[in-house]
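Okay, so subunit A shows up in both of these, paired with subunit B first and subunit C after.
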Partner chain A sequence: MSLDPLLDPGTVPRRYVVTGGPSAGKEAVLDELHARGIPATDGEPAREIYRRHRDRLGRHLQVGDRRAYSRDVLEAFVAEYCGHTSGLRFYNRGIPDGYGWDAFFGLGPYPELEEAARIYRYDAVFILDPLDDFDSEDDLVFAKDREIRRVHELIIQGYYDAGYRPIFVPADEPGRRVSFMLAQLPVPAT
Partner chain B sequence: MFLARPQLSFAVLGIFWLPMWAFSGYLCDTGVMKARGTRSTAADALTAEIRVLVRAGLPVRAEACGTALLGLRGVKARAVRPEDAGSRARALDGLLREQLDRFENTGLAVAARLLFGAEPVTSGATLTARRQAAAAAAGYEVHHFRKRVEPKVLDLVAWQLRRDSEEFTARHASPPELRASSGPLMLPADVFAWEAAEHQHVLASLWGAVYQLRAELLTVARLASMDAPERETGNAAAAALWRHAQVLAAAARYRAAYGAVLLHTAADLGPQEIAGYAGWTPPLTAAQELLLAGIADPAQSLADFSTRLDAAAGGAGLAAMWRRALSGRDGGHEQESTTP
Partner chain C sequence: MNDRTDAVEIISPNNVLANAMLRTVDMVRPRLQAASPDRVAFCVGTQINGAPHLGTSLVQTAAFLLAKAAKRTFNVDAVVRFGALDNAPYDIRLDPETHHAYQQTYFHALGEQGIGDLTGKYYRAVFDSLADATGVDYEIETYSAQQATPAFRHEFLATLGHLDQIRWPLAPSHGQVHLRLPCPQCGWAEKRAERTRLLRTGPGGADFAAVCTDHGDYKVTVTPDSDAYLDLATLYRNLVKERLAARDHVTLSVMVKGGDWAYGCQLVDEAFAQLPGLAPPPRVFTPMVLTDTGAKLSKSLIREGKVPPPPGARPWMLDTTEWPGDTDSYIDAMVWLVGKMLADPKHFYRSYTTAELDRIMTAHPATTTGVRAREMNLYRRYFDMVADGTKTIEVRVQYPNLRRLKAGDYIRFICGRDDALTRIRRVARYSSFDEMLDTEEPEKVNPASPRDQQLANIRRIYGPEKEALGVLAIEIELVTEPET
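This part shows the complex of A and B:
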C-alpha cells in the first residue's frame, strides 16, 4: 500500500500512538519511522520533563511530586496532539499512558487526565509486545522481578480504561514491526 | 473507515486457522483440560464465574462478578481502588478484553470475542445472539458450539486469567531476585524504566538493611546459645540495634517516595513490616522508632551511631532495654551506655 495518500498534508489529521513498557523496542520503531520519512515524535517529551523535575527538586520524585510531574507530561501530550493539524503522525506514547504511570505508583486517575483522554482521541494505538530478550540474562535485573512487566501491563490497562482496543505489535526487528503497523493503517477515503 | 483489527496480525505472522485438534492438544498440554476429578475447586469456581459473566457479556458489571474473579491478584493490582468492587470490575473488564485480544487459540479468537461481546457486532447483544455469531465464526453448529466448544473457550479464558495473576504480582514481599550477569546493566532511555529502576534501588536498599539486621540477630542468638561473655553478646546486640535503625531509616525513605504500602505486592505490606522478616526484635514505641530512624545514617559507622544514640534523650535507656530483651539477660548491673 502506498503511504502517499496518508502522508498528504492536505488530509485530515490521523494520529497513531506507539507505546509499551520499557524494553519493548519503542525507540527502534520510532527511529525506523523517521528513517522512512514518516512523521513521528522526535525524542520523548516526558523524559525532558522528568529531568527538569529532578533538577528542580534536587532529588528523586517522591509521593507528593508525582502528580505535578504527571500534569506537566499531560500538558505536553495535549500540546503535541493539538499541534498536529493535518496528515499522518505517530506519537511516542499517548495521553492514556498517564493512567499506567499513575497506577504504577498506586495513584488514581485525576480529572484532567480523564477529560483529556476523553477529548483527545487517537485513531489507533499500537502496543509493542516485549522483545524476545526481555528476560535475557543481560537484560534488566528487575525484569525478573516483574517490575517491567507491571509497567507494560498497566500501560495496556490504561488504554483499555480509556476505551481503546490496542493493536499488539509482535516482537520482531524494527523494520518488520513498522511494516506490520503500516499494514494496519486505513486507506483514506478519496 | 478504520480497518485495523488485531487479528490481522496473525495473518501477517503466517499463523492461520488452527484445526480443533490443535486446540484440544493445547488445552491438554497446559493442563486446562484435566479430568474432572483432578481439577481444583478454585479453577472450577473461576470457570463457573466466567460462565456467569458470559451470560451478561461485556462490559463487566460488578454484580455479575463472583469473588474468585474479583479476587484475582492481577485484577486487584490493576484496580485504581482495589477495595472497591466497582473499580475491580472495571479492571477486570480491561484485563478480560486484553486476554481476549491475546487469546491463545488463534482459531477461536474471533469466536471468543464475539461470545463475550468484545466485538462491536455483538456488543450489547443477548447471549443467544452472541453465541450464534461465535458459532458461525468458528464454523460450528450452534448447539455443538454451546456444548463442546464454549466450555473449552471459558476454560482457556480462566487459564489465561490465572496465568496473568501468577505472573503479574508477587504473592508476598520478596527481595529483588539476583542473577549472574555477563554484561553491564543497560537501561533504556525511558521514564518508566528510570522509575522502575529507582523503585528497585529503594527496595534493594531496604532489603539490604533487613539482611544486615538478620545477620546481627543471628549472631546475637548464637552468642546467647553459646553462653558467650556478656560483653560480647551486648556488643552484638548493639550492632543489631544499629542495623535495626538502618532498616527503619530505609523504610522511611521508601514511604516518602512511594507511600505507606509496598508497591505491587498482593498483601498490603508496609515497608516497616519487612523489618519483621529479619527475625524477632524487641518491641519499640513509635517515638523510639522515630529516634532510631532519625539518627541512622547508612554512611556512618556503628561507633558513630552509638555516640549519637547515647547523646539523644532516652537513647541509653533504649539501648539497654534492647540488649536485655534481645540477649535474654538481665542487664541490671551493666552500664547504661550503647558504646561497645
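This part shows the complex of A and C:
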C-alpha cells in the first residue's frame, strides 16, 4: 500500500499513538518515523514537562508531585491533539497513557483525564512489546525490573479501559517495527 | 586425602562428544596439537555478587582438575585464570523521568579495595584450597582491570566497524546491543543503553553519547589508552574476551563454562563468524545442576518461593557457605565429586539432578585420611633429587595461592605416576632469584648444578613478570607416609 494518500495533508487528520513501557524502544521507532519523513511528535512532551517540574522543585518528582505533573502532561497531549488538523501523524504516547502512569504511582483517574480520554480519540494505538523480559537472575535487579514490566502492563490496561483495542508491535529492529505499523494502517476511504 | 576406593557408581549413557574421546581433557588436545603453546590457561569467570552455589563450585573445581590433567597428560604448563566479573550490577534504580533502569556496577559501588575484599571473602580461600589440592597455580583478574588494558579496548574498538553485523548475533531479537558507558561523574549507566549512541568510530577510537539520570547528556571517548569504563553486556563481553584470548599464541586459553553456556556460545560463535580472522578458543562446558523438572537449579527462584527446593537439594548446594565443615573439607568433597565426573567423558559431558548429586555425595568419605598436602609438579630431574633427599630447597615464584605457605605444611611433589610427600621446614621470601641464590645454599636447591647454571635454568622456567611476583625458597624434608 502506498503511504501517499495517508500523507496527503489535505486529508482528514489520522492519529496513531506509539506507546509502551520504559525500554520498549519507543525513541528508536520515533526516530525511524522521522527518518522516513512521516509526521510524528518531535521529542517527548512528557519528558520536557518532567524536566520543568524537576527544575522548579530542585529535585526529582515524588509521588505527591505527580498529580500536578500529570495534569500538565494531559494539557500538552490535548494541545498536540487539537493542533493536528489534517493528514497522518504518529503521537509519542497518548492521553490514556495517563491512566497507566498515574496508577503506577497509586493515583486514581481524575475527571479531566476521564473527559479528555472520552473526547479526544485516536484512530489506532500501537503498543511496542518490551525489548527485554526484565527477568534477571540477580535478585536486586529483578525487583526493580519488575517495576518496568508493571508500568508497561498498566499502560496497556489504561488503553483498554479507555475503549481501545491496541495493536501490539513485536520486538524487532526499529525499521521493521515501523514497517509493521505502517502495514496495519487502514486504507483511507476516498 | 582422597579416598579412591569408594564404590558409588555413576551410570551415564554415551553421547556424541563422549564417544569421540577417551579422556575428558582430550577436549583441549586438538588446539594443543595445532598451536603448541607454552602453557594453557583454564579460564573461569564468575559474577561476584553473592555467595556461590554448587554450579559455580563445579565450574571452578573442574578448571583446576582439568589443568592438573592437562599437565600430566600433555606435559604442558597449566594454570587457572579466575575472572572476577566485578561489573555485575550492585544496585539498580529507575530513572524517575523515563523509568529506564540505571545500574551501578560492583566496581563503581565498592571500588578496587572493596572488590578485593569481596573476592577474598567468597573465593580466595576456595582457590587457595583448590590450588593446594591440585597443585595448580591460579591468577585472579577482575573484569574492570581487564577492560582497562589497551589490548582489550583495541579488541573492542575493532568490533565496532562490524557492529551492524555482530549486533544480530549479540541481540537476535532486535539487534540492539547493550553497550554501557557509565557517566564519568557518578558511574551510573543506562542498563539497556536505550539512549547510548555510537557517534563515530575510526582509527584510534570511538565517540559515544549517553544520558545520565542526574548529570544529563554526556560524551565518552574510548581509545586503547583512555580510562572510560567499558561495561559490555554478557555476550559482547565474551566475544571480546575470547577474541583477545584467541590472539595469544604463547598461552592457549581454554574457556571453562557452566553447561548452560553451551547454548549461549552458539551466538558468540555467530558473532565470531561475522568478524575477520580468528577462531574461538576451545571451551569446556561443565555439568549443569538440574532440578527434578530438568530445569537449571536457580537459587533465586527457590528463595522467592516460585519453585520448591528440588529433591536432594541440600542447603550447601544453594549456598556453598552452608557446607557443614571448613573450606578445605568442602574443596576435598568437590575435588572428589568432580574427579568422579572427569573420570569418564560420559560422566562429565552431561547434567546432574540435585537428587543424583545427593546420591553420589552419600558415598563421599566423611573424614579424610592421611595428611592434606599441596601438590606440586616437578620435572623428573628435580623430582628424583627430592625423592632421594638431596634437594632440600624448592624454588617457586609467589603465586597468590602460595602466600600462606608456611612451616609445617605438607607438599606432595608429583612426577608422572610418582609422588614424594614432604613437610615444609621453612619458607623464605626474596625479591629476586639472584637474591635467593645469594642467601640460600645453591647446592640445596640443586646439588648437581653450579649457581649460575641454576639461575639460568630457573629464569628459563619463570619469566621476568613471574619473578616480579616474588621468589620463595621452600625448605623441605621427606616424610614417610603413614599407613592408612
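Some observations on this one:
To be clear about the criterion, the second predicted complex is superposed on the first by the 176 of 190 C-alpha atoms of A that agree within 3 Å, B and C clash if a C-alpha of one lies under 4 Å from a C-alpha of the other, contacts with A are read in each partner's own complex, and residues count from 1 in each chain.
Definition applied: a contact is a pair of C-beta atoms (placed from the backbone, for glycine too) under 8 Å apart; a residue touches a chain by one contact, two chains touch by 3 or more.
Just so you know, these numbers come straight off a predicted model, no measurement behind them.
Legend: residue contacts after superposition of the two complexes on their common chain; A:151 is shown touching both subunit B and subunit C. In the superposed model, A:131 makes contact with subunit C only, not with subunit B. Of the two partner chains placed by the overlay, only subunit B lies in contact with A:108; subunit C stays clear of it. Of the two partner chains, subunit C is the only one that A:171 touches; subunit B does not reach it. In the overlay built on the shared chain, the residue A:47 is in contact with subunit B and with subunit C. Contacts of A:160 after superposition on the shared chain: subunit B is touched, whereas subunit C is not.
Between subunit B and subunit C, the partner in contact with more residues of subunit A is B. Residue overlap on subunit A between the subunit B contacts of one complex and the subunit C contacts of the other covers 21-23, 27, 47, 50, 60-61, 137-138, 140-142, 144-145, 147-148, 151.
Across the complex, subunit C meets subunit A through its residues 47, 49, 88-94, 96-101, 103, 173-176, 191-192, 194-195, 298, 300, 303-304. Partner subunit C is touched in their complex by these residues of subunit A: 21-23, 25, 27-28, 47, 50-51, 54, 60-61, 131-132, 136-142, 144-145, 147-148, 151, 171-173. Residues 1-6, 8-9, 12-13, 74, 77-78, 80-81, 90-91, 93-95, 97-98, 101-102, 164, 167-170, 176-183, 185-200, 256-259, 261, 263-264 of subunit B are the ones that touch subunit A when the two sit in their complex. Of all residues in subunit A, only 21-23, 26-27, 44, 46-47, 50, 60-63, 100-101, 103-106, 108-109, 123-124, 137-138, 140-142, 144-151, 153-157, 160-161, 165-170, 180, 183-187, 189 touch subunit B in the complex they form.
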